[in-house]
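One chain, subunit A, appears in both complexes that follow, with subunit B as partner in the first and subunit C in the second.
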Partner chain A sequence: MSALLSRMSRRHAREAPPTAALGIVLIAMGVVAPSFFSAGNLRDLALNNVAVMIVALGMTLVVLTGEIDISVGSQFAVCSVAAGMLAKAGVPIMLVPVFVLALGVLMGALNGLLIGMLGLPSIIVTLAMMVAWRDTLRWTTDGAWIQDLPANFQWFGMSPEAAQLMIMAVGVALATSGAWALRHLALGRRVYAVGADAEAARLAGIDPRMVKFGVFATTGMLVSIGAMLNAVRFSTVPSNAGIGFELQAVAAVVVGGTAITGGRGTILGTVIGVALLGAIGTALTYVGIGPFWVKAIQGLIILAALGGDALFTRLARRAHLPARAVVAH
Partner chain B sequence: MQLSLTEARLPLRVRLFPNKEWVLLIVIVAEVVVYGITGTNFATLGNAFEITRLSVEIGLLALALTPVIVSGGIDLSIGSMMGLSAVAFGYFWRDAGLPIPVAIVFTLMIGMAGGALNAVFITRFKFPPLIVTLGTLSLYRGIAEGVTGGVQHYSGFPAGFLHLGQGYIGGHVPTQLVVLALVALWSAWSLHRTGAGRALYAIGHSAEGARYAGIPVARRLATVYVLSGAAASLAALVYVAHLGQAKSDAGTGYELMAITAVVLGGASIFGGRGTILGTLLGLFSIVLLQNGLRLTGQPAELSGILVGVLLIGTILVDVFTQHAATRAAPSPTATEQPDVRNSQVAVLSAVILLGALIVAASNWVLVNSLRHDLRGGPSMTAASPGATATHRTLIAMMPKAKGDPYFISAHKGADSAAAALGVDLLWDGPTDLDAAKQNEVVEAWITRGVNAIAVSVENREAISTVLRKARERGIKVVTWDADAEANARDFFVNQATPEGIGNTLTDEAARIMGGSGELAIITASLSAANQNEWITFIKLRLAAKYPRITLVAIQPSDGDRDRAFAETQTVLKVHPKVKVVMAIAAPAVPGAAEAVKQSGRKDVKVTGLSLPNMCRPYIKSGEIESIVLWNTMDLGALTVRVAQALASGELGAGASTLDAGRMGSFQVVGSEVRLGLPFIFNRTNIDRFNF
Partner chain C sequence: MNIAEEPVVLRVTNVTKSYAGVTALANASFDLRAGEVHALVGENGAGKSTLIKILTAAVEYDGGEIALNGAALPRLTPRQARTLGIAAIYQQPALFDQLTVAENIALGTENAGPLSRINWRQRRERAVELLARVGAHIDPDSDVCDLGMAQQQLVEIARALGANARILILDEPTASLSKDDADNLLRVVRELRADGVAMIYISHRLEELFHIANRVTVLRDGCTIATLDMCDVSRNQLIRLMVGRELTSVFPKRVVPLGAPVLELQHVGCRASGVSDVSFSVRAGEIVGLSGLVGAGRTELARIIFGLTPADEGQIAVNGAKVRILSPTSAIAHGIAYVPEDRRRHGVVLQMSVTENISLAALRELARNGSLDVNREHDIAVEYSRRLGVRTASLRSLVATLSGGNQQKVALGRWLVTKPKLLVLDEPTQGIDVGAKSEIHSLMMDLAEQGMAILMISSELPEILGMSDRIVVMHDGTVADVLDRSEATQERLLARALQRETREFTSFFAAANER
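Here is the complex of A and B:
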């Protein structure tokens, strides 16, 4: 039993700091404002953060390979607007996700081509894409919202309760299957291998270029799913969706214990990171602290997560365990 | 010894441009030639100096970022540090009562302290710079917003200080250009000509190797981050002097523009490569592009697309010339690099083709707009009372933010009025709220030589200087939607005073609530000037007339519908007794209404300031009781009419009415043209409006 516990704690040690922080926030809320835990609030929190979480799943893969993708916010906006335009043009609502998904994969694959195949630095390529997609969208929509959508656009034409359940189910399914695939499939192990040492991975017969290409294309797909699920919660599509998403997603990934240098980190950590950063704003409103300090507190959480990570690494070293062996591999 | 000999024999091209920065030189020459021919007054000395004035703040950040990136790091916190420094400077000068020079020194120290915090995390705890500065990006902006509550700002700086950002040296050279030149020279010298600077290249190539070579890596890196913090503070000072106002939102998003300039300039994001000259070339090629698009009247959104293509294009050229070099002279490392495959060449060709297509498309737009000018010119003059036979009146009109639905509808009205009056309308402005960008656009219009300028002012102090300059050059200036200082414009098209808006909103909310209960406000961003002014009057009105109404929460939406939705959900749960949610930003009202709808609460109503089309479904289904607004299309149309009447001399000081054709006649009071009272849209009248 204790052996199991220690294995568990060693396996998930990287997620310990954000889990502890989330625990502190939740306990504090339980004492100060128990109504925070009402079913309605938890449901709303989940629905409002599911899109960021799905995007952050993709970002986790990208960061695990040692790269970064800051074009996700702009891709998110392009996919949202595309969903609205397609629905308005008369495409059956059940076919809209198919097209949007294809668009997301295409945008991700373009990143993947330039970064994976041609070996260009990801921060530059995705910076260029972020600006280019955003301005393309501004140019084509002129800032106008997509309005007068068919009535079955909102909630896919289902009842709101059923659709909300479905949105959350998709989020949970993506997170669990992602976590499982990263841990148990050869494909998932390759992501870690490439992130830990691309050259070693290449010598071991893995093509790092294909892995990176796949990771960026997958991220594009996840972004389009997130955009689709978010768009159908409303009856109109604003053209400025997803501004600042890239920073939210990167922050959640990092707070969740994934090393920005690649090779270390888990989906579970990212989900906890999203929960922590997503809950903090609402929690402050419940406690009655003004919204002015939210940004400063989120910055402190990121730095604290780094501090926790460093502390953990130091402790691990003291215990004569190489840091890498402690990771959830 | 051997090395220095070979280096001396390298051709000048390689020594000056080690990272193929000559590509940028070609781009710059191409831009100058294309825009010099197609743009109005592009190739003039005055424009050359104006362009450089606008690039100083970003330039300072980019110069400081170059050594950071050369050392293999990055600093994302510089934009936020500008916000914090601007607020700190305002505090030191006004609240602490320090003289300007002392306040400047203290502000620079704040910047260095912020840089030092980054340095401690990066060098002492060995955290990746990307993450550390991502955290401090949030932290510094958050502190700036926290201490000012988003609302407070500082203005009224003495003229001597404002000269730094608005004045000229010797009549032509903008003051801050001298600052940029000095910093550039100093950075070039210290990065390329000192041991400490050269050490950064070694660190960028291999920090571990540099350490073995006896370089104090931690100390060198710390210096670089402290200097980058100081440079951000310096940029903030220039920014404040340029705009005449210090606010917590200074420098938002500047970090990405600075990074773009540095990387475009040939610096490798992995470290070890990059030059100050390259950074300057990168900076100017972006700034020239934006200015050129403006003066040729092409959509400013093209700049983002072209910069993106340029970024990827330059690194592609770099990667492939390197491949070619390694193949020509095989070195021990060459075997580790994968060879260029046919598939890669195909991809490269595809990317180049895509870039070419985009450039071709932009030229097509340009040619089309020129053709439109030529064709539309003579035939319309008969219908235009104000235009001379050879020259159609050109009216330049600027919204606060182009993407805002409120301004999109005003644009529609302005367009139809321009067509009816036979004048040309130039519609341009920032994509999001950005006071500095507004100045930039007005400067471009002055250079271009338009007949009249109409501005919806984001920042009163910031824009007035440049508007006065426009008037000095004989351009008629109108403000609309929000006013500048009275002597900076000829007329103000006033749709409603902040007091009138605040009172109408409050009265409407009180009517719905029956005079008592709890009220919550969803505003735009916490530092939005307009909304904060309205909130002030709402609070005054509540205190004076409705003592039984309590304002329980003011939450931000950042102009984002989804954020307004989430904030409203939380407010409804935390304050279950709230009867009315008042949303005072156009996208926030439908967001709040959707939240009320999904909560199933029939006892909560939404009111606020928004557009009829956006809110129509919710007004019909009952979540929104009413919205307060004026006819924004009329506002746009009236503004064009006022500008045209001014340009033709029809409207002058002392007029008491203005005839606006279809819309009827409008009252003129002093130098204000009044649109009329705010209008309340509700279920009974909403269908009569379409904007």
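Here is the complex of A and C:
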């Protein structure tokens, strides 16, 4: 039992700090404001964060390969507005997600092409894309929101309760299948190998360019799913959707214990990261701290996560003893 | 001028240095007199580079003493070494490409505070003056990246002189120069010697040394073997001193019946990596040693065979069928495995576990419909780590925590899983301890016995001689010679590896002396 525990703790050492932090926040809320745990609040918390979480799943893959994608917020906006425009143009509501999904994959694939195939730096490519998509959208919509949507746009025409359940179910399904894939698919192993040492991966017969292309395209797809699920919660689509999503997604990934240099991290960590940042945001409002402070405090948490990781790595390096002379069993 | 009467400016006494338990310098001693050119020779890995790094304070030494002008030196920083007048010029110039010649010279010589104003006119004049001293006609305002290799070297020497260098270390300065440029550089060296600058001169071009050096120190296995007057020694004597080592370790070489050719190269070349017209073959069960100096194109050839820098000339055949190897993936598909040099960097993924490293090249086989068979992966990791005797606390341990020899076994194990027909090993036992070394040698022998073809790059002549059935000597990107096991000796291999330089320079100096 203790052996199992120690193995668990070693395997999940990187997720331990955010889990502990989440625990502290939840316990504090239990003492200070028990109404935090009302069913309604928990449901709102989940619904408000499911889109960020789905985007953060993609961001986890990107960061694991040692890259970053800061165009996810703009991609999110393009997908949201496209969903609204398609629905308004009379496309059947059940076909809208198909088109939006294709659009997301295309935008992600474009990033992947420039970064994976041409070897351009991801921070610059996605910065350019972030601005390009955002301004294309502004030019197309003149900044106007998409209104007068067909009645069956909101909640896909289902009852709100059923739709909300479905949205959460999709989120859970994506997170679990993502976690499973990273651990159990050969593809997942390749993502880690490329992030840990791209040249070593190449020498082992893995093509880092294809892997990077793949994670960016996958991220585009996940962004479009998140955007779709988010858009149908309302009766209008704001043209400024997804502002700041890139920061929130990167924050959740980093806080969740994924190394910003790539190669280490898990989906579980990212999910915990999203939960922690989401819970803190709501918790601060509950105890009466203004929304402007929320962002500042989230920023501090990101710094703490990065600093903690650097410290952890340094300590681990110091403790790097030569392996005990035990022949592998 | 009689060098023996000149004062000793630098004395190195019994200096030792080891990197992570691997001895680089065991006992190096020599002295450098004012106004002499002192040649330093030795095989790859004899300790020359380490000694230079110690003198320029790029690395710290473990034991022994270094004295400058009779006074023992404390541990220095690179900056202090420069201030004391010790400067090194490497084969690849270390200048700032995007800055002008005058700026580069100023960076090494001016000693101004961060806020002091730059006197551009003075800076330029100083550059002109220093460049004139090395006989270089170079515009001080040109960007360094626009200069050729030879001119860059002269700029470096000018910079060193500007910093009042009294001891100049030249590491293979002529290796990448044309004959005329090399000629000019040697003239500069002679002039500096006349000015009283002491120089340590490292070169594989032995003939060059006979014309430029006053004395020579031979290093072997990190020890000083001898210091001789250049006029008292012959070329063959030098080579004997450089290699003159008994085959100390016993190699587990067995005679294995050879099968059909697994790899055949015909006139293979790749312009980008400087390899041309390479032809030889490796048969099943055969170990072919690839010998030559560092920079002769051995690793580059291995990278061509593995598809990392695909060949653009000639033909490659695997198992008798012509193939085009354009990527590592296609090389692996043809049954080729490559364990690269410098495993700490790319042979293994340090941040992954032993198991994950062993399965990394075989993910395709281990995955059914994309899903990894984790149980089989574990079984394979157990099997191969046991076969190779990998010593690790657990198969889940990160490879970073293993010793060098065990990391190398993991790097090898990864490829054995793919059951390759041809195994290319680049310096398979470099920097690992004796025990692990002989384990890897036995393993290579077992694999050959099972019919695997092995191509082994090694800078260690005893290893090449002890393990190979045939030896391909490379020089300057092409094959200089192919020797059978029975006809190869250390002297012969080194003579072959050095041969072409010798021929060029013999004719060159013959012409120069007539003049």
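Methods note: the second predicted complex is superposed on the first by the 306 of 329 C-alpha atoms of A that agree within 3 Å, B and C clash if a C-alpha of one lies under 4 Å from a C-alpha of the other, contacts with A are read in each partner's own complex, and residues count from 1 in each chain.
Just so we're on the same page, a contact is a pair of C-beta atoms (placed from the backbone, for glycine too) under 8 Å apart; a residue touches a chain by one contact, two chains touch by 3 or more.
Everything numeric here is computed off the predicted structure, so don't read it as measured data.
Engineer: Of the two partners subunit B and subunit C, which one touches more residues belonging to subunit A?
Structural biologist: In the superposed model, B touches more residues of subunit A.
Engineer: Name the contact category of A:Arg264: first (subunit B only), second (subunit C only), both, or neither.
Structural biologist: So A:Arg264 only meets subunit C here.
Engineer: Return first, second, both or neither, reflecting whether A:Tyr192 touches subunit B, subunit C, both chains, or no partner chain.
Structural biologist: A:Tyr192 sits against subunit C, while subunit B stays out of touch.
Engineer: Examine A:Val125 and indicate which partner it touches, taking first as subunit B and second as subunit C; both and neither are also allowed.
Structural biologist: Touch status of A:Val125: first partner only.
Engineer: Between subunit B (first) and subunit C (second), which does A:Leu203 come into contact with in this model arrangement: first, second, both, or neither?
Structural biologist: So A:Leu203 only meets subunit C here.
Engineer: Once the structures are superposed on A, label A:Trp145 by its partner contacts, choosing first (subunit B), second (subunit C), both or neither.
Structural biologist: A:Trp145 contacts subunit B only, not subunit C.
Engineer: Of the residues on subunit A, which ones does subunit B touch that subunit C also touches?
Structural biologist: Touching subunit B in the first complex and subunit C in the second, residues 199 of subunit A appear in both lists.
Engineer: Which residues, counting only subunit C, touch subunit A once they are in their complex?
Structural biologist: So the residues of subunit C in touch with subunit A come to 306, 308, 327-329, 331-332, 338, 340, 345-352, 354, 356, 359-361, 363-364, 366-367, 370-372, 374, 381-382, 385-386, 389-395, 397, 400-403, 406, 414.
Engineer: What does subunit B use to touch subunit A in their complex?
Structural biologist: Counting only subunit B, the residues touching subunit A are 74, 121, 125-128, 130-132, 134-143, 145-146, 149-150, 256, 259-260, 263, 268-270, 299, 301-305, 307-309, 311-312, 315-316, 319, 336, 338, 343-344, 347-348, 351, 402-405, 408, 431, 526, 553-556, 559-562, 565-567, 569-571, 573-574, 587, 590, 594, 598-599, 613-614, 617.
Engineer: Which of the residues in subunit A come into contact with subunit C in the complex?
Structural biologist: Touching subunit C: residues 184-187, 189-190, 192-193, 196-197, 199-207, 263-264, 320-329 of subunit A.
Engineer: Can you check the complex and tell me which residues of subunit A touch subunit B?
Structural biologist: Result: residues 33, 35, 38, 40-41, 44, 48, 68, 113-114, 117-121, 123-125, 127-129, 131-132, 134-136, 138-139, 142-145, 147, 160, 199, 209, 230, 234-236, 238-241, 243, 247, 250-251, 254, 260-261, 282, 285-286, 290-300, 302-303, 306-307, 310 of subunit A touch subunit B.
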